[in-house]
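Both complexes below contain chain A, partnered by chain B and then by chain C.
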Partner chain A sequence: MKILVISNLYPPDFLGGYEMGCRQVVQALRTAGHEVVVLTSVPRSGPVPAESGTLRRLRLIDVYDSFSEWKAVPAAKAVHSQEACGIHAYNVHALLDVVQEFQPDVAYVWNVISLGGLGLLAALQHVGVPWVMHLMDRVPAILCAVSLNGGTIAPLAATFKKLCRGRFICCSQLTLQEIYDSGVDIFDRTRVLPNWVTTTPALRTEYRVEGHLRILFAGSMAAFKGVGILIEAAALLRDRGQTDFTVDIYGFGEDYEFRSLIQKLQIQDHVCLRGSRTQAELDRLYKHYDLFGFPTWAREPMAFAPLEAAAHGCVPILSSVCGNSEWFVDGVDCLKADRTPEAFAEVIERVHGGEVSLAEIGPRGAKVIRRDFHLSVLLPKIEAELRAAIREGGGPVRSADEAYRMALIAEKSLACLIHETAA
Partner chain B sequence: MIRIAYLTPMYFSEDSYVGGGERFPTNLATGVAAAAGPNCEVDLLSYGPRSSRRKVAPGVFLRIMTSATKLTGGLDNVSWEVLDAIAECDLLHVHQLYTRGSELGYTTAKLFRKPVFGSDHGGSSSPLGKQFGAFGLIDRVHCYSDFGAQWFTAHKNVVIIKGGVDGHHFTPPAHRPLRDRVVFVGRLLPHKGIDRLIRALPPGMLLTCCGRPYNEDYFRLLRELAHGKNVEFITDASDETIRDQYARAWATVLPSVYTDCYGRSYSQPELMGFTLLESMACGTPAICSRVGGMPEFIKHGETGYIYDELDELTGYLQTLASNSVLVERMGFAARRTIELEFDLRVCGAKLWSAYRELIEGRSERSQAA
Partner chain C sequence: MEFEFYNVEPSGGLMSRMLRPFRRLLRRIQRPYFQRLRDLLQTLYGQQTAQAQRQNDFATQLKTVEDHYMARIEQLEKTIAHLHGVVGTVQNEKAFFQTDYLAVTRRLARLEDLLIEVLVNTPVVPEQHPGPSLAKIAS
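Now for the complex of A and B:
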């Protein structure tokens, strides 16, 4: 297949799970013999080396840049949001050029927030290119909200459903349900496939070396990820008399809030903020840990890090409300806890006390990951979705000129409306 | 059931933001519905403070969509409801091509792959359509005069359908009152050339000007010019009053100009001259300047007169005022012309035929694809 991958960011420009996942699939598709071109934005954070098959031609409307957005006046923010989620004519033009040059059989769309995602999808449909969108976040809901944080605009969501001819792959029922609850119904066009790992580490047998329990967390240093919950759980464990454990926290982002919490709880002897690590570095670290603490929020679609840890036999303790939880069985191939410090402390205490056997759960979890969550297992299913989209076809082919003209008029007209309304 | 949607920034109703002037799309809709019969409905889509839908004529519904923006009373209202309205229709006819609502309307229609008709009524509030080639997105441009069509020479698919007056609403009176005056009906604006009509008015002849004054300076000038002449202004005329004025007139005059009394130029002062057609429908001769599309609707010497110079106008007015037989003969011919050529039912049938051709062509292409 000739596959055009479209993503707002693409490594090494940014190292979030969504982007890393995109690159892993691109590499796997290429290895499987497909011709893949990646269309992404110009680098967000400085130059990156040119890479064959990656076209950095799109313009990123960086609504994720909270500082710039904070500084912007309301009308400018509204225009940014419109261009980021709605229609960005420049990007429509760039996409149409690449479609013309590459003549893809199918477009494989990833996160298109910040690119004028609705306009890109409309342009693909207009020129008859079938598409599949891979969801690791509630992207359609955000596009139909024309805002990162606003509510979905119901008439826009209804129109999206009416016009949508694409297919979706979604990483969890949780995320799919969240998109539905936002007013965007894509159930009948979606296949739920989990996220994955790409490595197959040797199975381990040793846990709690020298009786010491090693726990880690890896991810964004954000409250919603539950970093604070994990720190408080550690304090509770200490208060209950458990001392032979450590919690190492790896992550990117501001950590002063958690440093303060660690100081306040006087838990420095047990909890350590270890800074950011690359995925490869983390991959080497997991085997040295017994537990992966993951008290993340209910909006976690399906994080990669706990899967990668589990592949190494590091047993994840998952917040029972997150997307990862729906794929694993508590006490069989993972541990689950309510999203509170008390619940996490209790589960860790049970491990500490020997009620829970990591030597049984860890290897079982690693085998499950190999069997069901390895990219080599999932890739044929992804390919099947892409082929199904091609079979369904992209609909009648209309001209690229017309699509661009529509994008221009719509973008300018919406910008005028926003300014007129703000005036 | 075929559903046609007419997207118009304003509608002819007391509730309208603009307060009138959009009679023409309503007339066309009525004509199309009459020609199409029970298998077609036309929704006039416009904007208001609250959503509603009501029947305004057989097969014609006025659907008011809640405006999504601050309502300015101008041409640039938009509504989220337009998405649904366009999704449900088989063809979109955009009235007033150069407005924000139209831009979003025809773009949305293209997303839904709906055929699009467009009519330019001379209004403009946005240059974007012209700037970015809106005509590439409009399948057929509907013009109601050759003059109007000349602005679309680059567009391959221009449909010229002249007229659109409601000959059932504007009819000769059952008992005609005494004809004793000349009438002007229209907005009291400089490009209408009313100052020239007053100057050309023969001494003692009564001129009734019906229309809202939109320009205070110009209205003051008209009143100054009218001083010492027999001129009256009716600035709040109802439909009933206007019909009565047509009935009382020897002639209705539309003296529009390309350059007004202040030296300002107009490229499209009159695309049709709708009040001339209303007058003719009422059996009253029409007189117009040789400006815009107006001369295309008057058979000189048969249904009225076309003038170049003001003294010609003065002469025609004197001729009609002094020859009641000529007035009646011209008035009868004018009415006949409306019935045969320019009535909304005649236009509706032609437009319906053009719509069907486009809808069926689209449908055939879809099936082939």
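Now for the complex of A and C:
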């Protein structure tokens, strides 16, 4: 297959697992013999090495930066959001150029927020390219809200549903439900496939070396990921007299909030912020830890890090309701707890007290990951979705010039409308 | 309460003493009206006092009722808060079981697929295992 992958960011420029996952699938598809071209944005922070098959030609309208989020005046923010989620003619032009050059059989769309996602999808449909969108966030809902945090615009969502000819792969039922609850119904066009790991480490048998319980967290240093909850759980454990444990927190992002929490709770002896690590570095670290604490929020689509940790036999303790939880069974191949410090402390205490056997859960989890969650197992299912999209076809093929002209008109009209409304 | 205002005899000077017989005469003539007025004033005073008493009693009763209902409201608020807590716990438990249930069913489906795959790839002698073909089940 000739596959055109579209993603707002592509490593080494990335925000989180979504982009990392994209690269892993691209590599796997290439290894499987497909011709894959990646179309992404120019890197945000300095040049990156040129890579064959990766075209950094799109313009990123960054809505993830704090300036856009908190400082921009409402009208400027509205225009910015419209270009990011709605239509950005420049990116439509760049996409149509690549489609003409590469002539893909199918477009494999990832996160298209910040690229004028609706415009890109409409352009693909206009020139008759079938597409499959891989969802690891509520992308269609955000596109139909035309802003990162606003509510979905009902007529836009209804039009999206009516005109959409693409297919979707979604990493969890929870994310799919969230998209539906936002007013964008894509149930009938979606296949739920979990996220994956790409490594196959040796099975481990040894846990709690010298009786010491080692817990880690890896991910972005954000309150919604539950870093604070883990720190508070550690303080509760210490207060209950448990001392033979450590919590190491690896992550990128600002950590001053958590530094101050550690100081406030006087838990420096047990909790350590260890800074950012690459995926490869984390892969080497997981085997030295017994538990992966993951008190993430209920909106978590499905994080990669707990899967990778579980592949190494490091037992994940997950929030009882999150995307990861719907793929793993409590007490069988993972542990689950309510998203509170007390509940997490209780589960860790049970492990500490020997009530829960990590030597049983860890290897079982690792085997399940290897069997059901390895990319090599999931890739044929992804390929099947891409083939199904090709079979369905992308609809009538119309002129690329026409698509670009329409994008220009739409972009300018919407900008005028926003300015007039603001005035 | 004294209402016989007409019995008041001012202690005055010479002029007052000279007028006293006339005043007495006038008072004597008007006595029936004054006495009627006195009776009316006494009745009104009595009614007013009784009314004030009733009002006071009513206010006391009202306060008692108010206190009773405030206590009831407080109790109901506590009950509602408790029920909210219970509902929250039940919802959490429900969400937990739904999520875990989904995980279990997915795992079961996956194991079923794998089992069928293994069975299909295992040579089966038809005479020993009557029943529908496994290839058919797999398809």
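Going forward, the second predicted complex is superposed on the first by the 420 of 423 C-alpha atoms of A that agree within 3 Å, B and C clash if a C-alpha of one lies under 4 Å from a C-alpha of the other, contacts with A are read in each partner's own complex, and residues count from 1 in each chain.
Simple rule for what comes next: a contact is a pair of C-beta atoms (placed from the backbone, for glycine too) under 8 Å apart; a residue touches a chain by one contact, two chains touch by 3 or more.
The shown structure was predicted, so the numbers you read here are calculated from the model rather than taken from an experiment.
Q: Give one word, clash or fit, describing how chain B and chain C relate on chain A after superposing.
A: Chain B and chain C fit side by side in the superposed model.
Q: Tell me which partner A:Asp372 touches in the superposition: chain B (first), chain C (second), both or neither.
A: In the superposition, A:Asp372 contacts chain C only.
Q: Counting only touches as set out at the top, which of chain B and chain C does A:Leu408 meet: first, second, both, neither?
A: first
Q: For the combined three-chain view, what is the angle at the C-alpha centre of chain A formed with the C-alpha centres of chain B and chain C, to the nearest 10°?
A: In the superposed model, the angle at chain A is 80 degrees.
Q: Chain A residues in contact: does chain B have more, or chain C?
A: B
Q: Could you tell me if A:Val321 is touching chain B, chain C, both of them or neither one (first, second, both, neither)?
A: Second partner only.
Q: Is A:Met1 in contact with chain B, with chain C, with both, or with neither (first, second, both, neither)?
A: Neither partner.
Q: Output check: A:Glu420 vs chain B and chain C. Expected answer is one of first, second, both, neither. What do you get?
A: first
Q: For A:Asp330, select first, second, both or neither according to whether it touches chain B, chain C, the two together, or no partner.
A: second
Q: Look at A:Lys162 in the shared chain and tell me whether it touches chain B only, chain C only, both, or neither; answer first, second, both or neither.
A: After superposition on chain A, A:Lys162 lies in contact with chain B alone.
Q: I want to verify one number: the closest Cα approach of chain B to chain C after the superposition, in Å.
A: Minimum over all C-alpha pairs: 33 Å.
Q: Where on chain A do the contacts from chain B and from chain C line up?
A: Comparing the two interfaces on chain A, one with chain B and one with chain C, no residues are shared.
Q: Within their complex, state which residues of chain A touch chain B.
A: On the chain A side, the touching residues are 122, 126, 153-156, 158-159, 162-163, 396, 398, 401-402, 405-406, 408-410, 412-414, 416-417, 420-421.
Q: Provide the residue numbers of chain A that touch chain C in the complex, in ascending order.
A: Contact set of chain A toward chain C: 173-174, 298, 320-321, 325-330, 336, 338, 368, 371-372.
Q: Hey, which residues of chain C end up touching chain A in the complex?
A: It is residues 92, 95-96, 99-100, 102-104, 106-107, 110, 114 of chain C that touch chain A.
Q: Which part of chain B faces chain A closely enough to touch in the complex?
A: It is residues 69-70, 72, 76, 78, 80-81, 83-84, 87, 100, 103-104, 107, 110-113, 126, 128-129, 131-134, 136-137, 365-366, 369 of chain B that touch chain A.
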